[in-house]
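Chain lettering (A, B, C and D) follows the sequence in which the chains are written, and residue indices restart at 1 in each chain.
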Amino acid sequence: MITAFIKRKERKTPTVETIYFEWDSGILPGQFVMIWVPGVGEIPMSISHIGREKAFTVKNYGPTSAAIQALSPGDRIFFRGPYGRPFQTVSGRILLIGGGSGMASLHPLINNSSFGLVAARSKEEILFADEFTDENLIITTDDGSEGIKGNVIEGLKKIDLKKFDMIYACGPEVMLYNAYLYFRKIGVNAQLSLERTMKCGIGICDSCSIGGFQLCRDGPVFFMNELEEMQEFGNFKLTYSGKRVKI
Amino acid sequence: MITAFIKRKERKTPTVETIYFEWDSGILPGQFVMIWVPGVGEIPMSISHIGREKAFTVKNYGPTSAAIQALSPGDRIFFRGPYGRPFQTVSGRILLIGGGSGMASLHPLINNSSFGLVAARSKEEILFADEFTDENLIITTDDGSEGIKGNVIEGLKKIDLKKFDMIYACGPEVMLYNAYLYFRKIGVNAQLSLERTMKCGIGICDSCSIGGFQLCRDGPVFFMNELEEMQEFGNFKLTYSGKRVKI
Amino acid sequence: MKDSSLKTEIASLKLENPHILASGILDENGYTMKKILEEGAAAVVTKSIGMDERNGYQAPVIADAPAGLINAIGLANPGIESFGDEIAIAKGSNRPVIGSIFASTVEEFANLAIRMQKYRVDAIELNLSCPHVKGFGSEVGSDPDLVEQIVNELKLKVPVPIFAKLTPNVTNILDIAKAAHKADALVLINTVRAIRIDIHARMPVLSNIYGGLSGPAIKPIGLRAVYDVYRETGFNIIGVGGIETHEDAVEYIMAGARAVQIGTALMTKGRKIFGELNSNLLQFMEREGYSSIDDMVGIGVVK
Amino acid sequence: MKDSSLKTEIASLKLENPHILASGILDENGYTMKKILEEGAAAVVTKSIGMDERNGYQAPVIADAPAGLINAIGLANPGIESFGDEIAIAKGSNRPVIGSIFASTVEEFANLAIRMQKYRVDAIELNLSCPHVKGFGSEVGSDPDLVEQIVNELKLKVPVPIFAKLTPNVTNILDIAKAAHKADALVLINTVRAIRIDIHARMPVLSNIYGGLSGPAIKPIGLRAVYDVYRETGFNIIGVGGIETHEDAVEYIMAGARAVQIGTALMTKGRKIFGELNSNLLQFMEREGYSSIDDMVGIGVVK
């Protein structure tokens, strides 16, 4: 288990915080760690800031993420990693599509010229939109409280996808699956970072698997052609017990 | 356990054979391996030839060394190592003093200008003397069948030890102890390679210890000043059971 | 050099090679099992399945260990009712699927076995050895009488081969092996009871405190169990514990195993390990002059 | 940062630091023991000594293992008669020497203890746990009644502290620990029964076939034993098994050990390990705010 101390925290939305810490490790965009809150639980978390100063950006979903947000500067954090196959970076114009806390894993890819499509439930939950220039940003909210009302697809329709050298997306599987179908229709390449239940993070427990691939190890980032052969993508997943359910 | 195949064998004396094998490992003069003959035993053995082709030179003492000599070209040998602190090499004139099979560990140090004092029980048991030039060689035999009759000290008296930049010696402890006392009297530096019962070869079983040092790890090569503080050198040793006996 | 074959047999179960995926590792999802069979595993053992759905323990469920891993997944499983789909998907590969089951009573074991058989598994493995769940596994598996009753009952009730997986966490594994003598094969060994404490968190890492140690660290312990049981009984044995290379597999085979299972090495080597083991083992056999696995079984045992 | 002390106590035995040399490693020759005490070990435990001289097994007596070592030295020892000299030499260091003894009967244990005491050892450690010699060690140590008799008899016969060293090769170490409750401390654990086969020689490496696994590989197993026994009994415990760094030592201490022993790490780190452990442990304690070893004992145990 690696330990580090929290340096500072930044509240990003009513439910999301960025937590900074010092960790001397070479992380690539899209990689994650398993964060342990002793006595509470252990969950996967993308490294949202990969420079000399590292950070993760955590949304308060349930017990473990709440316990992480309850920590203060100076407190110790525990984690293992980095894990996972990172995003493949390209030179040229890139489009980043993030749904909810999915923006966290895309954050290291943001640069001067990157274009952002940021989706959120409502205005308050918009994450990292301020890091894009106004002309390079589209926002969608479910309730229409900011930007386009509707889901990510409504935003995608406003963009000429062909002008990008690579598209990166991260968010809930339903969103990603619909985006995937749209990309396929348009005929563009993309890298999608998925989420599944994770227990081990190192490719042995099978809880994160999708169509025979282990998301924690073969992913979390997958290319379009890989997603093509994953029978379960957007379709089925296993619960914490291993029970097969419809997504 | 490392394995290799015997390439060829050379009979050196009625009791001594050199056994060649291929082993891709950087060995330094004075280092040894633990050779295992499955079903028979495991014993320490110096690497007498440390070039691309490796060899050890083994005297038939008892069951395990006999079993090694019984092997044929093409047979597999088993060993672990290399172990031990090697001889420290110097530029300049060197004197090599070998008693019996002790010449085996000195063999890698022999060069064009090295001087040899080769001691043996009798003429037949003289080892590696032919690798020194005639003017750089003194032989002593216990029975006088060749060279000077007497032990190593008789030979040493014929040599101006001060003209050497380093003296290296290997042989039975009684011989080494007497040589050590003589070197001390004359006031010359030397490196002595000792022998003790060895079981582990890696510094944990204590069977090879001498004055608190583990011969297999701190030695087998020791300098004069190190021998000085070893209360047991030339004096006491422990048997295979660990019983203290006079040497 | 001669032509060698990797084929082996355990009771009536014919295997293309001796390398089987161990229970609990990448075998909860049918698609994963199918992929691993396609990668070259001769068979897969499913995750241990019980009567009812269980979430198992809260993460952390794994902790690192020198040359190994400690796990306390806690027998998470969807329950036998829901597991048929996964077996059906895995069987799409046309290679054997071995159903692992756990229970605390003879009746439940029988019930599970009958249902596994209906799912058309090729053999049933009894988990008598999970070291970290109260009332199951090694608590059952350290009682020779209970082991004997379970095995005997299952041999009466189901026609497919029955494998009994034993725990090393006992004073004398031979007593348990003998109690299971009616099994078609013994699977040796499950994990070794273990703990990991985080000295900064000042508490055990696993939410369950205790876990089972696996990986290379336990290879010498597994070999000892296989060697002992083979020498004394000559039973069919499947060796498991710390196998990462073909040399490890050969060591188990020479100690008496007719096949081996691989678990934790999936972490260090990934799914491609099965292909590597197959080709390296074949090369080894050809170089050393073994024409079949059978030629090697137990030859390292000193009588 | 505050001033921390490495001092610890086991029963009446006062130690400068918690790091003790384990039995059987570099402790047959008095000069070696003296040197190790001078390097910083708080105490040494001697090689296990029996009534009569024993050569032990023919080499090979060690075999490699992942993150560990398998040994079958075979209780080689000069016999109690000849061992006084070594203890006298070791005691020249003015640090405690703990005499380890092995025997197969209560009478022999008592006899050996009385003679050890005459050699002025500071405590006596009972080897109830060597896993590879028939009739001794773990054959004795897995019988709770015999363990109880031996410990009780020795507590009557000798005034120096009695430490009972237990084997992990049992179904339930707690039963044995409870049987040894009159001991001043329990030493947990001895090596784990193991085998190594050489696949080219096609036979076991150790001349005795079986040996005991030690080193980092068994650390999680030793920790489990310490944790269990401490939680259930609160006894004085000396932890041993796979300790190489001060973090390992702290892990054992937080699991309930008041001191630790170091064996196989002498192979990987050499004699200087004791100095390193002392300075690294002190730094750790100061950084983390522990003023004494006592502050850390058992704090990793979840009640």
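Keep this in mind: a contact is a pair of C-beta atoms (placed from the backbone, for glycine too) under 8 Å apart; a residue touches a chain by one contact, two chains touch by 3 or more.
Keep in mind it's a predicted model, so treat the numbers as computed, not measured.
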Subunit C omitted: connectivity of the other chains: A | B, D
Label of the chain whose CA centroid is most distant from the centroid of subunit C: B
Cα-centroid distance, subunit A relative to subunit D, in whole angstrom: 50
Where subunit B and subunit D are represented by their mean Cα positions, the distance between them in whole Å: 36
Length of the line joining the C-alpha centres of subunit A and subunit B, rounded to whole Å: 66
For subunit B, residues that touch 2 or more chains besides their own: none
Residue numbers of subunit C (touch at least two other chains): 198, 200, 203
Arrangement of touching chains [line / ring / star / complete / other]: line
Chain-chain contacts as defined at top: A-C, B-D, C-D
Touching residues on subunit A, where the partner in the complex is subunit C: 1, 3, 34, 36, 38-39, 41-43, 76, 78, 80, 198-200, 202-207, 209-214, 217, 231-232, 238-244
List of subunit D residues in touch with subunit C within their complex: 65-68, 70, 142, 169-171, 192-200, 202-204, 209-210, 213, 215-221, 223-224, 227, 242, 247, 250-251, 254-255, 288, 299-300, 302
Subunit C - residues contacting subunit A, complex: 25-29, 31-32, 34-35, 47, 53-56, 58-64, 69, 71, 73, 76-79, 82, 85-86, 198, 200-201, 203, 205, 207, 263-264, 266-267, 270
